[in-house]
Amino acid sequence: MALDVFAPWDDPDAKPLIQFKNVTKRFGDFTAIDDLTVDIFEKEFFALLGPSGCGKTTMMRMLAGFETPSDGTILLSGQDMAPVPPNQRAVNMMFQSYALFPHLSVWENIAFGLRRDKMPKDEMGARVDEMLRLTRLEKFARRKPHQISGGQRQRVALARSLAKAPKLLLLDEPLGALDKKLRQETQFELMDIQESTGTTFVIVTHDQEEAMTVASRVAVMDHGKIVQVATPDAIYEAPNSTYVADFIGDVNMITGTVRAEGAQLRMTWAEGQPEIVGETSKTFGKDQSVHFAIRPEKVSISAEKPVDAANAVQGQVLDIAYLGNISTYHVQLPGGQVIKAQTANNRRISRRSFTWEDSVWLSWTATAGVFLEQ
Amino acid sequence: MRRFSWFNATALTLGFAFLYVPMIILIVYSFNKSKLVTVWAGFSTKWYGELLSNQAMLDAAWVTLKVAVISSSIATILGTMAAYVMVRAGRFHGRTLFSGMIYAPLVMPEVITGLSLLLLFIGLNVDRGVGTIVLAHTTFAMCYVSVVVSSRLVSFDQSLEEAALDLGCSPFQAFRLVTLPIIAPAVISGWLLAFTLSLDDLVIASFTSGPAATTLPMKIWSSVRLGVSPEINALSTIMIALVTVGVITASLITKQQAVRQRREEQAADRVS
Amino acid sequence: MRRIALILVPYLWLLALFLVPFAIVLKISLSDLAMSIPPYTPQLDLAAGWEGIKAFFSQLDLENYIWLTQDELYWKAYLSSLKISLIATALTLLVGYPMAYGMARAPEEWRPMLLMLVILPFWTSFLIRVYAWMGILAKEGVLNQFLMWLGVVSEPLVILNTNIAVYIGIVYTYLPFMILPIYASLDRMDNSLLEAAEDLGCSRFSAFWLITAPLSKQGVIAGCFLVFIPVIGEFVIPSLLGGSKTLMIGKVLWDEFFSNRDWPVASAVAVVLLLILIIPIILFQRNEQKQREAEG
């Protein structure tokens, strides 16, 4: 039985809900969004990820209607959004500051958008109660925003923006104000709510873990451009550039020149060191300068030279970072390059296998890392 | 807990004595039987009786109240609009001139404001009276209102308005349903400030009023220029009493609200 | 469009009732006194068309301004206003600083009450607060009675209708304007700074001069301008408490207008007064801006 995977972006017949077509946004001399084209599909949980100032918030504000593109078009269900003002878009937004109206109760905050639509009283009451149930806020309906905790405020903001059943919900750093533990719980709550309501979510975040956890696809942005759009595992395992590799998670980066040898690539990177052997689907020219990126957890550390490893190098332990569940070893190679290797601490640490100054071997398989042009 | 040092205690005692003893003397002498303010001749409330039967004084008080209520109300509307323009309207032609005209009346000597308005009214051949005083008071009071309201608007989270638009409000609805209720305390203090300034003003009213309208400060002025009078002492006592009661009530209300809000916030934190 | 209406209403109001009147003052200051109604010439005769406008402008001159420099009454009044403002500002600072300091160092739960006590007089009538001193400073007034009862003086002191009474009146009425900004700057100050200074070997007194005083500088400057600028044009205080020798420009302007009915000269006096005020106003604004930048 084939698993029915949700991947409309691989289906050439699927109609996107949102289309950015060559969109550019300039503020004076500053280009916030630079000729950007991307499709977002119905029921997707789409994450815009990037450092502050990369243009992700501008993209979201253009979807909400608070900014208009300088060039290009944004289509929602095939319709050009440019002439539609924010109060007439079937798009709702959850603000980073939550923007809860301080003078209205939780109930009134959630009902606010429904009242604007002139929804009949009993229907509106039912809808607000449904939202309160969905976000587990029934007990707090009559409280004012300053009378509830930060986590509850976050849920009110979510309930308010979902109440009008928008085609598209925009979430601007929705969990930024919560502490780490609450944030992790809330991430799963958000996914549940997204799934049960079937709404398309676009989330803006600078927290890569959050993006990886919640999103069906992640768009990594830099300087107004999308560098890569892919599923979280593809972004992590097959980044298309050193920027993405470096932005998502921890990575070792080695620079050298390559030559192809059958299905394998061999990279020369330092004198006196064996070539790095790897596999790739991309083709590189002979002696082209490339970067080899490998995650620390894919590098094994051992006292003896492993027998059948595709790649093995020797070095000296420089530093050990003990993080509880894992330890990261910083190993310096004879040429000065430092490589990080991670091991899981699946035993209580009564005696460490390696300590500072120890001479160790690092090894990895031919498929562990990726070669990147830029 | 911190205590007063002897230096601070002395500075504060002397300072507040300087601020309040003159007013206390004023109040005490309003209950003096003698017409001579300098000689204490026993307790009496007769000056209050005389004040209340002084029709000219009562008329002046009525004119002042009328002028203050009308001018501070118009000034509050115009000042709030001006504040909104200053903080939110972005760039437009003549913005520098506009902000200049908002701030200039705050530092303009009253004699100049009064003189210039009088010359305008004469030039236009307008009958001077309650109307012209209202126009004058509205103009300088709106600048104070706009300063008070704009300082609140600056700290106002603009995403609240955007949230209202996002949920389907027109810009005007967003202002009425979200912005206005939140900035209301600043608007009210703006109104109170405008009201007090209007009640208090002597110079601008003297320039811009005609023979038909005399305000209370003008009446007091013409009386005190001739010297101290127990009737004015009685009037002053009433005005000081009203202001004191008003200010104390207002501060008690705001203090109570602050305490309640803090208690509720603490309760909310405990729940989470 | 709504936005345009929102801008236009207050804009036009201020143009009509602030800028235009001031332009009229400027224009009349360039006109000549005349025995007519209104009592100045030339009058703009638009009915005469372009010729009328040309004739109008050709009759404007700086005569009144020249007159201001020639009659020593005026420049003496300007100088005397500046001198009185300067001395009164210094006196207000002398009284206000210790009070602001005492308030900022008072126990936390006292501060709101002390603050209210400073603000309360501001809400009561200015005129009445000045008037209160008339009964105190008069020859047979409360102060003289008290001093004679104490035996400090045998003859009553003459204070009312002198510059001393004017100084007392100014310090009294403008004190809150001095205290509030200084208090605000002292209240913001982190108390651990003083502890650090003492920890590093300062005496209490030198800690004040080296830490507190420089950090409250912005508040002191703001307070001084808030007193200095309005006092220059002050009219009520010199009229009620000052004597015939007290010369302040606000009072001169009033008399010129109401007693002498010389509108052109009164207008010229007003224009020059404003020119004098521009310098301290610009300095004040610069100070405020610096403070805002310092706060980020």
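Chains here go by letter, A, B and C, matching the order in which they are written, and residues are numbered from 1 within each.
The working rule: a residue touches a chain if its C-beta (ideal position, glycine included) is under 8 Å from a C-beta of that chain, and two chains touch if they have at least 3 such contacts.
Computed from a predicted structure; not experimentally measured.
Contact with chain B and chain C alike is made by no chain in this entry. Of all chains, the one whose mean C-alpha position sits at the greatest distance from that of chain B is A. In terms of Cα centroid distance from the overall Cα mean, chain B ranks first.
Chain C has its Cα centroid 18 Å from the Cα centroid of chain B.
If you average the CA atoms of chain A and of chain C, the two centres end up 60 Å from each other. Chain geometry summary: the mean Cα position of chain A and that of chain B are 55 Å apart. Within chain A, no positions touching two or more other chains are listed. For chain C, no residue reaches two or more other chains under the stated contact definition.
Touching chain A in their complex are the following residues of chain B: 157, 159-160, 162-170, 173, 177-178, 181-182, 261, 264-265, 267-269, 271-272. In the complex of the two chains, the chain C residues touching chain B come out as 2-3, 6-7, 9-11, 13-15, 17-22, 24-25, 28, 38, 95-96, 98-99, 101-103, 105-108, 112, 114, 116-121, 123-129, 131-136, 138, 140-142, 145, 172, 175, 229-230, 232-236, 239-240, 250, 253-254, 257, 263, 266-267, 270, 273-274, 277, 281.
The touching residues of chain B, counted against chain C in their complex, run 1-5, 7-9, 11-12, 15-16, 18-20, 22-23, 25-26, 29, 37-38, 78-79, 81-82, 84-85, 89, 92, 94, 97-98, 101-102, 104-105, 107-112, 115-117, 119-120, 122-123, 135-136, 138-139, 142, 146, 171-172, 196, 199-200, 202-203, 217, 220-221, 224-225, 227-228, 232-233, 236, 239-240, 243-244, 246-248, 251, 255. Contacts from chain A toward chain B in the complex involve residues 64-66, 85-88, 91-93, 95-97, 99, 101-103, 112-113, 116-117, 143-144, 146-152, 160-161, 164.
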